[in-house]
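Two complexes are shown next, each including chain A; its partner changes from chain B in the first to chain C in the second.
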Partner chain A sequence: MDFSFAQFLHELWIARVPLLQGVGITIASAALAIVAGTVLGVFVGLALTYGAAPLRLAVRGYTDFIRGTPVLVLVLASYYILGTAGIQLGPLQAGVLALAVFCSSHVGEIVRGALQAIHKGQIEAAKAIGLTFSQTFVSVLMPQAIRQILPTWVNTAAEMVKASTLLSIIGVGDLLLASQEVISRTFMNMPFYLFAGFLYFAINFGIERFGRFVERKTHIPS
Partner chain B sequence: MDYALNFAAVWRSFDKLLQGLGLSLLLAVGAIAIGVAIGLVLGFALVSRHTAARQLARCYVTVIRNTPILVLVLFVYFALPDLGLQLEGVESFVLTLAVYSGAYLAEVFRAGLLSVPQGVREAGQAIGLTRWQINASIVGPLMLRNVLPSLGSTIISLFKDTSLAAVIAVPELTFEARKINIESFRVVETWIVASLLYVGTCTVLAALLRRVERRLAVPR
Partner chain C sequence: MTTNPILEIRNLHKRYGDVEVLKGVDCSMQRGDVVCVIGSSGSGKTTMLRCINMLEEFSDGSIRIDGEDIGYELRDGRRQRKSEKEVARQRALTGMAFQQFNLFPHMSAAENVMLGLVKVKKMTRDQARAVAEKWLDRVGLLSRRDHYPGQLSGGQQQRVAIARAIAMSPRLMLFDEVTSALDPELVNEVLVVIQDLAREGMTMLLVTHEMRFAFEVSTRVIFMNQGRIGEEGDPKEMFLRPKSERLAEFLKNSSFH
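Our next item is the complex of A and B:
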């Protein structure tokens, strides 16, 4: 099939509102999942590092299970299972929940890695000067861990934007589904998939650049 | 919540799930085999002395890594036929995952190449090997042994990405699970079994890769 560029621009202009809404939903769902997943993930990381043995084991089971399951399966399971369990969630909520759970296991691992990289002697030193654990955490461990966590965490954010495309499969009107709707009306596969791909690339490239910037800023000078 | 677990419907179709898992593994093996070839070429290009090669490879890696794999899958399956490249579901997905994995593996190999000490190259030059010979018989093997841990986690993550083939109706594990779910309405059971199959396979893969890693590790 042949399309002129002018035709593409014409269809793009007609579809501008749903496509922009799609971009909005993509960004909003990824952002929600990142925020919720990060909060949950910090607790996961803390439990993995400092939790009592039973808690640590349970959380380890949780992260291994989530990390061993494809995100698409998480999204589908969350969408279908919650409905059956009588929890009435729309596709957007169910999808964001799945992404947040996925995000939490990744953030948990990043946090654990960063906390374990801090030398034990520092905790002992904090104990020796009489700090409680929460004081030690806030003023000794956290500032060091954050420097390590931030660059990787920004990469996770880009992962979440990419994973948010999976929500289109359960009917969330994100950028991908909005593009597919335009395609099913116009049969212009090539231009609109390219366009959607380009928008995703632009968003993620921006995040990647930001990650580089953060990495430079948080780099511990040696 | 009065949902009684009943796995009967899932067990009845369990062979379908296993067949699906088999296809998932096949897709992963096919794609990763091609992906490793792409990744090796790009990995060497990323550390090349030639600016053009470096920039081309960097361009490929950046574009692929910043594009969602689902968009790539749909693009290859639905948009490439417009250019005359019509592929069946399986071929189309293997091609997509190979192109995708090439970008991630290139980064893995690049890191490995940078970790090979300059001295062994110089030693190769000193005994009169050509650059190809040095790369093929000194730098390459050393690099492979160094990257085994990150190569392993990339392979496992690529195996999980095969679930996306369900979107273009390739009958792999996720597709079969979805079918059972829709036919039997045993929602919870279906997805529990499907995820356990994925988790189990990933665990076995990880254990196998760790064994390979130990066997090939550089002795210290």
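Our next item is the complex of A and C:
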């Protein structure tokens, strides 16, 4: 079918509220998942690097299991399986939980890699001036790890935005689902999918620019 | 003149699995002593130094600083490690400079010195900055206070590292081969700083390969051999008239002529 650009703009204007809501839900669910997943992921990384053997093994099992599972399966599992287990979550809650868990296993691995790359002399120097481990972590390890993590973390964040499209399957009204609803009403497949794609690109481009900005701000002169 | 020793090591043992690195070391230091530990690599000198601030756990024996047992205590007749918090406090009794400097790369020279002052000594940032600048001045690097480690030469980095340790006013300074990683032309600026500290009465224990320096700066020299103290005494006696065959051989092969 052939539509004019004016028609597209007209339909876009009619659908502006649901589409904007979709963008909002996409950003909110991805952002929540990234924040929660990052916080959890830092603990996962710490456990993988410094944990006692039993803890390390348990967390290793967790990350390997999660990373080996498709995000879609995680999303469905957290919506349907948790439901049958008596934990009734709404689609948005279940979806964000699944994304956060997925994010935590990736961030955990990134954090582990960064912490292990820090020379052990750094910890020894911190110990030698009398710092406790938590002080060492906050002042010495984390600031160095963050700088190293940043580029990979930005990638993970962008992945989470893309993965959030899977929430549409359990009925979360994200940008993808909102676009599909507009399409089913207007039959304007191409322009609205392109438009949705453009919006996803814009969100991820923003994340990437933000990452670059932080990288510049935290650059260590040498 | 024997008062209470600042450092007292008794029967220190350290094992890695089946390998015994320290086989019963006894040693004591008085305030103001400058003791150099020499010996071939693998003799246990660095390990001994690292036991004093618990960077290495030790298997048996005791280390006391100002009469305080370091790292372990007897509880119900059993030897138990002290809590992590207590060990951290005890580590601040000593200061340490490392072979690889180990400055924090994400902090300027001044911030490196300030970290312990703020976190451990609980100074305000202004107080800590004043102390840091005083010590950076003493090692001749006040003008470099805002430089990052990556912007400093090896010798400068080591001097900042020494300032970072000394600023914490430790009762005993430990130097672990602090010139071994430096280009030859940068060694001297670091040795001069240590010599100044010695002159001011800082109590210091140094592991070093700089025989000429050990000869000149130390009040006593310890020669370690295969996990034990092979010989110890006055530097002139030791270097010029070594008693043991081992020490004589070691000196012959080292840079001291």
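Definition applied: the second predicted complex is superposed on the first by the 215 of 222 C-alpha atoms of A that agree within 3 Å, B and C clash if a C-alpha of one lies under 4 Å from a C-alpha of the other, contacts with A are read in each partner's own complex, and residues count from 1 in each chain.
Going forward, contacts are C-beta pairs under 8 Å (C-beta built on N, C-alpha and C of every residue); 3 or more make two chains touch, one makes a residue touch a chain.
Fair warning: this is a prediction, and the values are worked out from it, not measured in the lab.
J.: Who does A:143 touch here: chain B (first), chain C (second), both, or neither?
T.: Touch partner of A:143: chain C, not chain B.
J.: Let me test your reading of the model: by the given contact rule, A:128 touches which partner, first (chain B), second (chain C), both or neither?
T.: A:128 sits against chain C, while chain B stays out of touch.
J.: Let me test your reading of the model: by the given contact rule, A:176 touches which partner, first (chain B), second (chain C), both or neither?
T.: In the superposition, A:176 contacts chain B only.
J.: Which partner reaches more residues of chain A, chain B or chain C?
T.: Counting residues of chain A touched by each partner, the higher count goes to B.
J.: Given the touch rule stated above, what does A:88 touch, chain B (first), chain C (second), both, or neither?
T.: After superposition on chain A, A:88 lies in contact with neither partner.
J.: Of the two partner chains, chain B (first) and chain C (second), which one does A:201 touch, if any: first, second, both, or neither?
T.: A:201: touches chain B, not chain C.
J.: Is A:4 touching anything from chain B or chain C once the two structures are fitted on A? First, second, both or neither.
T.: Neither: A:4 stays clear of chain B and chain C.
J.: Share the list of chain A residues that count as touching for chain B in one structure and for chain C in the other.
T.: Common interface on chain A, chain B vs chain C: nothing in common.
J.: Flag every residue of chain B that touches chain A in the complex, lowest number first.
T.: Its residues touching chain A are 1, 3, 62-63, 65-72, 74-75, 78-79, 81-83, 160-164, 166-167, 174, 177-178, 181, 185, 187-188, 191, 194-195, 198-200, 202-203.
J.: Quick one: in the complex, what on chain A touches chain B?
T.: Residue list for chain A touching chain B: 1, 64-65, 67-74, 76-77, 80-81, 83-86, 158, 161-163, 165-166, 168-169, 176, 180, 183, 189-190, 193-194, 196-197, 200-201, 204-205, 208.
J.: Going by the contact rule at the top, pick out the chain C residues touching chain A in the complex.
T.: 53-55, 84-85, 88-89, 91-92, 94-96, 98, 100, 102-106, 115-116, 119-120, 147-151, 161, 164-165, 168
J.: Show me the residue ranges of chain A that touch chain C in the complex, using the header's touch definition.
T.: 119, 121-122, 124-133, 135, 139-140, 143-144, 147, 220-222
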